[in-house]
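Below you'll find a set of structures to go through.
Consider the two complexes below, in which subunit A is the common component and subunit B and subunit C are the respective partners.
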Partner chain A sequence: MKILVFIKQVGDVEARIVLREDKKWINLNEVPMKINENDQFAIEEALRIKEKHGGEVTVATIGGNKATDALRKALALGADKAIHVEDNEWYIRDSYALAKSMEQVVNRIEPDIIVTGSQSSDLGWGTTATILASLLDIPHAWLVIGLQIENGKAFIDREMEAGMIEKSEISLPAVIEVQAGINTPRYASLRGIMQAKKKPIEKISVTIPDNRVEILKIFEPKTTTQVEFLEGDPETVAKTLIEKLRKEERVIE
Partner chain B sequence: MKVWGILKGEEAAKTLEVVETAKRLSKGENFGIVLLGKPEDSVLEKILFTAGSEGKVICYPNKLWPPGYVIAAITRILEQTPQLIFVPHNYSFMDSIPRLAAKLNCAILTNVHNISEDNNFLLCERPVLEGKMTGLFKIDKRHRVIVSLSAGIYEPKEESSKAELKMEDISFLQNIDPLRKITSIEKAAEEQVDLSQAEIIIGVGRGIGKQENLALVEELAKILKAEIGASRPVVDNGWLPRDRQIGSSGQTVSPKLYIALGISGAIQHVVGMKGSKTIVSINKDRNAPIFNISRYGIVGNLEEILPAILNYLKETS
Partner chain C sequence: MKFTGVDFLGLDSEITAEERLIRDSVREFVDREVKPIIEDYHRQGKFPLHLTSKIGELGLFGAPFKEYNLPGLSATAYGLIMQELERGDSGLRSFVSVQSALVMYPLLTFGSKEQKDYWIPKLATGEAIGCFGLTEPGYGSNPGGMLTTARRKGKKWVINGTKQWITNGSIADIAVIWAKTEEGIRGFLVEKGTPGFTTRDQHGKFSLRASITSELSFIDCEVPEENMLPKAKGLKAPLMCLSQARYGIAWGALGAAMECYQVALEYAKTRHQFCNTPIAAHQLVQEKLVWMITEITKGQLLALQLARMKDKGRLAFYHISMGKRNNVWVAREVAKLAREILGANGIVDDYPVIRHMLNIESVYTYEGTHDIHTLIIGEHITGFPAFNPPKESC
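So, the complex of A and B:
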């Protein structure tokens, strides 16, 4: 099987957020970069498909120079080759523009199955890969938490609201958008990391349509309730908190 | 008609803000509502009155909607060049609506919690960077746009007269590729624990650090007579069972006290607990979005603060 995985490199804002001067986005030179969390599960799922059914895993991303790091990581985990779609404006593209770029990669690879994360942690549209499926006129499934492939069909468990699961069947080729938790991603072995250095990363450029959705600025969310931060050493904050919960809020005894 | 709202019958009672938003953004002109599946009669009445006399409600009777049918049923009605389409932001619409956007050649914005207009542009606010920041986005009104609305954007208001209702039959679906054969919809896990009745809940997030620290949480739960809940990553790690998960794919709770330990406040978790009366959050990151909905916040290391809380509770009980 020809398996194509799309991954996205995102800024890691766990520790701190640094904005660009124009406030349009975070300053990507000032925060560490990582592979989007859902896409880490997508890489693992692609490798498992290959291990079970044979074939080849191509990993692709859209990004600037640093995106190569994400591709090397995926190659170290076991992907066979990589495609780097060069786009320095990747982080402010809307989902339609990204999907159009991805479509051109798909046409080059002609995969039997496309795997990616269901949502990115940066812009978080959750729509890009589904638009891709529509452009390609093939089925898709969003929030996939279980996948089995048999006789050219994919049997899928999809997460729904309130703890429900949708079980379904779709024909291949298809776009599988995985949810975090579908598997337990492996770590790269030392051998994998060494081999990754020799695996090919092909750089390509594609035609990108104009954005329809433009980001003007980002800012801290408005708070509805004013949080009262309790300050001091652990003993002091513990005492203050418990007394407030007892006497002011009256929610504990 | 330029403005449309689309709802699923079974979810309609919870997603009436879509009708309200379509009504407001159509600014006195006629607008349309498409119902995928017929809701209960009382809910249908609410929809008709919320839409009011400028609205036209078109209702399909059946219940099961694989993506191919969703697209076909909507595009069949919306052929008359819509400008703005609103849907609720939830899992069922998020699965199919991007396909509709591609098909109708629309721009699409998801999880929008504020909309305004500025001459030729539509301005939308929505969370980015996992809710740590809000993004302001601009779309030229010459583009068609689909917007998924987060719950509670507008309070639905009923009008004095109701909208016209038209029932549609679904015989045309016979020739449509559903794109997915849905075989069943079932409960993910037997829910042994019902957190919805708990008065005090301690929510555990990834920031707890390691599984061993759960012992401290269990001790606290015992003293406060609290139930323990979890965010998704904690469950995915196997630290707590799935039936304790709170959030969009778990349980929805509204206790009088919610203590969030090492929970960052990703939107998927917040939707399941934001109705709690008093929220206390302890997190090492002062910028964690959970503090935005908290009454009290403590920035610090759980391994130091939890033992201090336990000691104080034991000393003073």
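So, the complex of A and C:
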């Protein structure tokens, strides 16, 4: 089975966020980079497919120089080869432009299945792989939390609202967009890291269409502190509080 | 707040992409598997034994060695592993240090082919755990005075004596034991369960609680002739092992220091006192933070240079002494300052600082106390050994 994984290198939001001077993007020289969280699960899922059904895992990313770090990590985890779509302006591309680049990678590899994360933690559009599926005119599934492959078909569990799960069957090739938590990603072992040195990273360039979306600015919304005193006996106060947390703040269900 | 390392001078660019990947992989392991549980194990005074097989899968046991298909890492990569593990807990780093530097190293360096064939693969995966018994109740800094003996009896060796403060002692499948024989100090492999060999754990520790420390007792303990390490002759052999472990500590201690610094820095920026200003805005607090990052950075430079010398085969034991002595001292001072900055929060285990601060006391003492390393460097630069008290003649 030919498995293709698309990954994206993103700023590590848990570390620190430093914006660029023009406020249009994070400062890539200051912010530590890592593989997008959902994509880490995608890599793991791809490796598991390979371990079960045999085949080859190719990992691909669109990015500048630093993106090789993400590919090396994926190779260390067990991917067989990597494709680096060189694009120094990857971060200003919209979903459509990215999907167009990805389409060209797909045409080169002709995979049986494409696995990627449901969304990236930086832009969070969650549309790129869906657009890719439509460009390729193949089925896709978003927010996948379970995946089985049998007789050339994919059986998937999808996370739905209100804790419900949808089971469905889709034909391959397909684009499977996984959700964090679908599996437990492995660590890159020392052996894997040493072997990754010998695995190929192919650099390719693609034609990139113009953006249709432009980011004007990124900013932190002004936070205002509002204090509200709840009146009444403890029971009423507790009830109102639960109500507010549920309905207004929506922090509990 | 996620740990992202402390790199004031951009030293990340001095290490290879592969070394960074190794460091980050261990960092991720520590974040996911160690940080969430360590305070609990520390409170209970237990070692998280379930991590052994995972550490084995990662390939961290025996990482610097090449034989038996071991990873053969650069000295820098090995150091970075130690740094990340000790950022988790000094007990965890001790566990890996003992296995790699004090058990696998002597086997690989002084062992017979049979000994290596049998033990190295098991130790590499963590299927077997090892310990290293040199210290005795009466002989710590001066192990050459040891009382433990081994004498020949037919095709066997009979061991008698007591070893104390032995990391992993009671959980070890194999103990590397140093004993006096007619031909000087020699090393022996003693398997768990050998008649005459018993262990007892040290209780009441206030430091390195998430690590097992035991007393080993040998009463007419007989081991087969072939359990002697054939190439280990004299005190130099265990000291060579200690050099390996001490090198790792020079890096490891920085891990503990870096975490204490980062926690203190974050705390200082978010804790407000007097006129609602962050305590980080006060000059006295800044001075502490600046001291911390300066000493950590100097320690990093020292560790990095030791690594380069080690890879070139130019690292001598007195160089390692400077690394162990300085960097553990830095960690000790940094932990203490971080604890101060956290105020009352500095004494509770909601934060990792007090645990690191207590742990470092062990690290300061074992593998040659701070002062013993002073004497080692002192002897090297002056030519005068100052270990023994001055003779009466003057």
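The definition used in the following text is that the second predicted complex is superposed on the first by the 221 of 253 C-alpha atoms of A that agree within 3 Å, B and C clash if a C-alpha of one lies under 4 Å from a C-alpha of the other, contacts with A are read in each partner's own complex, and residues count from 1 in each chain.
Everything below uses one rule, namely that a contact is a pair of C-beta atoms (placed from the backbone, for glycine too) under 8 Å apart; a residue touches a chain by one contact, two chains touch by 3 or more.
Quick caveat, the model's predicted, so the values are computed rather than measured.
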item: Touched partner set for A:M160, first subunit B, second subunit C, both or neither; value: first
item: First, second, both or neither for A:Y187, with subunit B first and subunit C second; value: second
item: Which of subunit B and subunit C A:E14 touches, first, second, both or neither; value: both
item: Subunit B versus subunit C as contact partner of A:H140, first or second or both or neither; value: first
item: First, second, both or neither for A:I204, with subunit B first and subunit C second; value: neither
item: Subunit A: partner with more touched residues, subunit B or subunit C; value: B
item: Subunit B and subunit C contact sites that coincide on subunit A, given as residue numbers; value: 14-16
item: Residues of subunit A defined as touching subunit B within the complex; value: 11, 13-17, 26, 94-96, 99, 121-128, 130-131, 133-135, 139-143, 156, 158-170, 180-181, 212-225, 227-230, 234-235, 237-239, 241-242, 244-245, 249, 251-253
item: Residues of subunit C touching subunit A in the complex; value: 1-2, 4, 17-18, 20-22, 24-25, 28-29, 54, 57-60, 63, 71, 73
item: Touch list for subunit A against partner subunit C, complex; value: 12, 14-16, 32, 68-69, 72-73, 76, 187-191, 193-194, 196-197
item: Of all residues in subunit B, those that touch subunit A in their complex; value: 66-67, 90-92, 94-99, 101-103, 107-111, 123, 127-140, 143, 179-189, 191, 200, 224, 232-233, 235-236, 245, 248-252, 256-257, 277-278, 280-281, 285-287, 289, 291-300, 304-305, 307-309, 311-313, 316-317
